[in-house]
Each structure stands twice: as structure tokens, then as C-alpha cells.
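Here is the structure we will look at, set down as C-alpha cells.
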Amino acid sequence: MGHPYLYEDRIVMLITMFLMGSTLMYNVRYAQMGGEFYLRPIPGLKAVEEAVGRSTEMGRPILYVPGIQDMDQVETVAGVIVLGHVAKMTARYETSLNVPVSRSIVMKAAREACRESYMIEGRPDMFNEDMVHYLTDDQFAYAAGVNGIMVREKPAACMYMGKFYAESLILAETGNSIGAIQIAGTASQAQIPFFVTACDYTLIGEEFFAASAYLSKKPELIGGVRGQDMIKAAVIATIIFSIIIMTLYDNTGIGFDVSQLLTIR
Amino acid sequence: MIWKRQIPILIVTIVGWTTLLGWFIDQPDIQEFVNDDATQWFDILASFAIILGALNLIKLQVQKILYQKPGWIYSVVAVMGFLFAITAGFFVKGVDDSVAQWGAHVTTDGTLFKWMFDYMFSPMSATMFSLLAFFVASASYRAFRIRNFEATLLLVSGIIIMVGRVPIGSVISSWFVMYLIVLSAGIYINVWKKDMNTTFVFVAVGISIVTIAGFMYGWPIDKPGIFYLPAIQEWIYYYPNVAGARSIMIGIGLGIFATSIRYILGIERSYIGE
Amino acid sequence: MSKIQDTFLKIGSIDRRWIFLIIAAVVIVPLIFPVGLPIRPTDTTKNVYDSIEKLPAGSNVLLSVEYSPSTRPENHPMTISILRHLFKNNHKVFITCLWPDGQFMAQDAINQVAKQEFNKTYGVDYVFLGFRPGNEAVVKGIVSNLRKLYTVDVYQKKIDEIPLMNGINNFKDFDFLFSSSAGFPGTIEWVQYASDPTGIPMASGVTSIQVNEVMPYVQAGQMVGVLAGMPGAAEYEALIDQKGSATSGMDAQSVAHLVIVLFIILGNVSFFIERNRSKKY
């Protein structure tokens, strides 16, 4: 378009981004104005409240691990958000909550989330800053520390919500060995199989990002989940359409090279 | 109240939109902010925040020692380790300035820090990672059960990948795999038909066909390729596996986009406790 | 028959500590008494080898080391083999690290290959730039202005005083990138922010777990190839005809995999017997 400050070859991405954002906003507004959407039940999220109840009955704490990365990762922020919801339940049921973290900024954010949750539930007396505590930045030293907490304190429920790497199976197997109910949620593709194998419930990828909407039941968040699904349907349609166009173009020359249009540099 | 609510949301909105739109804008100052400054600000914040984490760690561990809570011995080890690392990193180099300057001393042989890294940190780190070997075995043993079609598919492809990926898979002849398939099919026929004669005929015919084909082609170890484990595992890696990985990546990417847009637009405010 | 079934049922509910003991034994024994199984390079490994082999002599190659001692058995042999290949072909090697632990790993590799084996000269044949904090910001910094990011090397020597750094200002001044990576930041960040936008070819060596994440980039042509875990490292050692720790580890890995498969089969046999008995009753 010849604009001096715009990367012309990224125009398609800019337009796509605005279309996607508009779809999300439309669904958010629709939900805020009273529109109702159906969300399929996710067993892992239903199990969160059961896990908290189980811990209360057994008189044992809940262990919550918000991943091993910092707040610059979206998964960690999503993990802290789910922690806020879990903290509300632990405040309501008067169950102790243990949140060992691997990053200092995550410690501060998680503390604030827990503090707010306990205040909203009217139990600020139950909140203790040390329930969210820092262990270490190092991946396997953190795994060793969390394993030690699991083996010594024997929590009744272990929740792993965030970004994980190789330590995921170490944590999950140790949690399995102490007989805890385990719920995991991550978008770390390589770790999903380990959590699926070793945990009772696993939130895979987008289910984890949608957890906040499920647990809070806020209309704007639920509208966002529906918007996400609509965008995914559009992406699938684009893929199918592009396959047909490219096949035609490669074999007969009819059409255009759609990969040039869709490639982002 | 404004400090805890509106100002954090304003910061997230401004910085988020600048970073997002900065990718489309060809202006040097914005590009420098997006590519260098923004992430370096975060790193500087994170570096100072480590002090908070370290103080919290020391506070909890010292409390455990002072009040002799259960497991306080481990806290002594934690505090000693912390102090030793600080000493080796900042106070005691172990060599002259001519051998290594402060800063370079962390990787120079002969320094206390390098000794700590080589003889304490590395073995402990490797030990924790090596636990995965045992845990993978026990998790696979416990979890891989043929409960339904999908579980069977997972099991079979897992076995093919595990055996085909390592050198021992390349010495297993494709003819051996064909014999195994014939025998497995025979077991299935027996369970289905519950007739020994049918099973016997099926297995006999299958084994005969494979044997005759083997003699005809000279028993090459890697042909036919469709039954050669390394070839099958490569195909599984390149096609079904990549397709599945891509679909999960796209889903996760959309999830990250939707979540990030919610933060930037101020719809999601749970990260500040709202 | 009933006794056999009971035995299988016992195996099916075995204490996991017996499994740990058996795995330990099958890993240790082949390390002490190697079998010497043949290594067959896969296409992805061959592509990495061919890409480096085709580089003109004296090419500038950026080697990025991002792994810690925990994944040393998988990543370190790759780094060693790649360094050997690069020095054998007289390429100029620039070493950087996105992980702080990577600096130690890189130093060990340099000591072994550059100093002891090839007797290469620092500043002429290779430069060790070291670690800088910032994750993907470091990658972006190298792409835009390397000299702003690295004013001194790991030995605190000014970059401007190192002869090999003449003419090296950003990522486009390199001819090839190899990333030996075990997680974040690593291969994916190099693809997204450096190799794909600039068109500089890259390959990577990753842990076995990461291969799933990285394979789409290989298939899309954004990476020339990948060394997949310790098997990939062993294949590369076979291609450069210099065996190392990865090759000796493959016997142990092979036997361990077979034993795990055996456990899975035994577990399923026990599962079926239990299911049939419960159907009967």
C-alpha cells in the first residue's frame, strides 16, 4: 500500500488479527448482554472442586504448582488465574493450600491472587503469605523441592497448572505414589502425554486456557471461549480451502499460489 | 485503590498494544522497544525480584530450623547450600586474578564456583533427570492397557516408536515382524471364531506365505519396508505425529491469542486479583 | 494353567521398586559390557550432516548451546560431534548460549574439541561469546545488532579486539546456525526470530521429548534437519566416523526400551486375565 511505516507483507496478518479480535469481542458483548452459550463439560475442571472437598475430608493440604516459567509466559498467567479460583475454594472449605513457586515474580502475583480470593470469601484471617513460597529457579532443584514437599506433607490433591518441561513426569509420578488425586493443565505440548498417563485428569491445551471461564462462569470469559471456537472453525475452513486451491494450482495452474498470501515474514 | 486496579490494567493495555502493533510498524524506535527494551525491562525486574524470592526462601528455612519443625535438618542443608553458593559466586574465587577475572571465574577451571558446578550441581541435576528413566518405565507399565481401540493404537504405535528408534530395531528383520503379525492375527481369529481348526488353517497359511516370500526375495532385513520397524517409526514421526502436533500447536496458539487479547483489552483481570 | 495365570497376575501388580531395579540393571550392564549394535542414520540426521558438509570452507557458523547438565547425555555428544565436523572442515565457529548452564557445557566442549583435539586458536578459529540473559530478546538482539548485545566475550575480552569478529555485526553475517537445545529458550525461538525471517539455514539437536515440537518446522523446511535425542547424536557420530558417548549409550537405551516393551506386554496379559476372571464371576 506504500505506507512508510507499515510492513506491507504483514498486512494479511494484521487484517486476520483484527478479524479474530472482532469475533472475540462480538461474542464477549453478546454474552455480557445476556446471551447464553453451551460449554461442553470438562471433567478436569469439575474435579477441581471434588479434589478440594476430598482434601478437606482427609484433613490434608492441597499442593498447587503453577509451572516453572515466569509471568512472561501466558500459561503461567493462566495458572495463576486458576490458582485464584482454587484459593477461593480452599478458603470456603478451610483447607490448607501450599503453592511452591519457581520464580519470584510469580510468587508475588500468586500471593496477590490468593489474598484477593481469601478476602472475597470473607476469610482474610486464613490467608498466610507463606502459603505461596519460593523454592528455586533451577528446573530439577525445583522438582526435587516439590517432591520433598509431596513426600513429607502428603497432600491429598496435587494440581499442576502452567508451563512444564521434563520435570512434569517426576512430579506426577511422585504424586501418584503418595495416592493424591492429580489434576494437570498445560499447553506444553511435549508434557501433555506424561500428564495424561500419570494424572487423574488433564486439561489439554485450550481447555487449560478456558479454565478461567469455566471456573468463574463470567459471561465475558465464556463469550471469549465461544469466540475462540469460531476462530478455530474459520482456521479449519481456511486450511481445507487452501489445500483445494493449492492442489488445483500445483496440478493445473488454475487459481493462485495461496501459500504466498498466507506466509508471514 | 487506583494503584492496585486501574494503573496495572493501564500498563498492561498500553504495553500490550504497543508490543502487538509494533510488529506491523516499521519505525526504528518502536522496533527497538518491542524487540529489545521491553523484554530487557522484564529481565531487569525479574533479576531484582530474585532477591525477594531468596529472602523468602531463607526466612522460611531459618524459621523451620529455629522452631525445629519436622524436617528441619533439610532446611539446614538448604541454608548451607545457599550460603556456599553465594560465597563461591561473590566472595571466594579460589584462584588469582591472573587466572580468572570476576565474572569469567564461573566457567574457569580451578575456581570454587566451577568446582561446585562440576561436583555438586551437575551430578544432582543429572540424578533428578535420570529419575525419568525409572518413572517412564513404571508409568508405561501402569498406564498402557488395551482398554479400547484408541488405547490399542497408542500402545502399538508406542511400541513401534520405542523399538524402531533405537539400534536394536534396525536388526529386527521385517520378516520377523510379519510372522508376529500372522501370529497376533491368529490369536484374534481364535478369540473371535473360537474354532481351533480355523485358527490353525489361518496361521499355517499365513506362515507359509511369509516363508515362501522370504525364500523368493532372499530374506532382506529391511524389505518390505512397510514391516521394517525403523521405516514405520519414521513414517509415524513424519506424518501422523506431525499432523497431531500441528493441530495441538494451532489450538494452543489460538488459546494464547484469545487469552492475551483478554489481558490487553482488560477483560481478564484475575492476574491482579480481581 | 491357573498357576500360570496367577503368576501373570502377580507380575501385573508388581511393586514398582522391582521395575526400578530391573531398569537400573538393564541400563548398567550394557554400559559395562557393550554389545556394539549397528547405528543406522535417519534422513533428518543425514540432512544435518549434508548441510554442514556442503558449506564452503571458512564459513561462519553460529553454534548456540542451551542445555544443562541434566540433558548432557543427549545434547553434549551432539555439540561435540558438530564441533568436530565444523573444525574438520575448517569453518569459523561462534559460540553463544541462551541458558546460563549452557556456558559451562560449551566451555567443556571447547576444551575437549577445540583445544585438545584440533588445537584451534581462539580469536582466529573460534570465539566464545557466552551467555546473555533475556531469552528471546537475545535472539532478536543477535539478529538486529550483535555488537550491541555482546561488547565483551566470555573471557571479558572486547569484541572489537578479536580478529574473527571483524565483519560480524548481526545474524545475517553467519552462514549457518546449529542450536543444541533442551527447552526454552532454544530451537523454536531461533526458528521464529532468526532463521526463518532472515533465511539463514539452521539445524538443531534436541532431546527426544522435544522432537515432536520441532518436527513440524523440519517438515515445513524451516529447519534443514534435526538430531533427535541420543539416537540422533549416535547417528551423527557414525556419520563423522568418530564414536563417542552417544554410541556407547545406545546399547543401554536399546535394551531398556525392549525391557519396557516387555513390561507393557506382561502388564496387558495380566490385565486380560483379570478381566476374563471378573467376567466369569
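Should a chain be cited, it is by its letter among A, B and C, assigned in written order, with residues numbered from 1 in that chain.
Just so it is clear, a contact is a pair of C-beta atoms (placed from the backbone, for glycine too) under 8 Å apart; a residue touches a chain by one contact, two chains touch by 3 or more.
Bear in mind that the values here come from a model prediction, so they are computed numbers and not experimental data.
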Centrality ranking, top chain (CA atoms only): B
Chain of greatest Cα-centre distance to chain C: A
Which of B-C and A-C has more C-beta contact pairs: B-C
Chain centre separation in whole Å, for chain B relative to chain A (CA means): 17
Chain A and chain C: spacing of chain centres that average the CA atoms, whole Å: 29
Interchain centroid distance [CA atoms averaged], chain B/chain C, Å: 13
In chain B, residues with contacts to at least two other chains: 39, 125, 128-129, 136, 138, 140, 245, 249
Interface hub residues of chain A, defined as touching at least two other chains: 72, 140, 166, 189
Of all residues in chain C, the ones touching two or more other chains: 16, 68, 70-71, 135, 212-213
Contacting residues of chain A [partner chain B, same complex]: 4-7, 10, 13-14, 17, 20-21, 24-25, 28, 70-72, 74, 77-78, 80-81, 84, 101, 103-105, 107-109, 112-113, 115-117, 130, 133-138, 140-141, 143-144, 148, 152, 166-167, 169-170, 172-173, 176, 187, 189, 192, 194, 197-198, 204-206, 208-210, 212, 216, 220-221, 224-225, 227-228, 231-232, 235
For the chain C and chain A complex, residues of the former touching the latter: 16, 68, 70-71, 135, 183-184, 196-197, 207, 209-210, 212-213
List of chain B residues in touch with chain A within their complex: 20, 23-27, 39, 42, 45-46, 49-54, 56-57, 60, 70-71, 74, 124-125, 128-129, 131-132, 135-136, 138-140, 143, 245, 248-252, 254-263, 265, 267-268, 270-274
Complex contact set, residues of chain A against chain C: 69, 72, 139-140, 165-166, 177, 189-190, 265
Chain B-touching residues of chain C, taken from the complex the two chains share: 16, 19-20, 23-24, 27, 37-40, 42-43, 68-73, 103-104, 107, 111, 133-137, 140-141, 144, 154-156, 208, 211-213, 215-216, 219, 228, 231, 234, 250-251, 253-261, 263-264, 267-268, 271-272
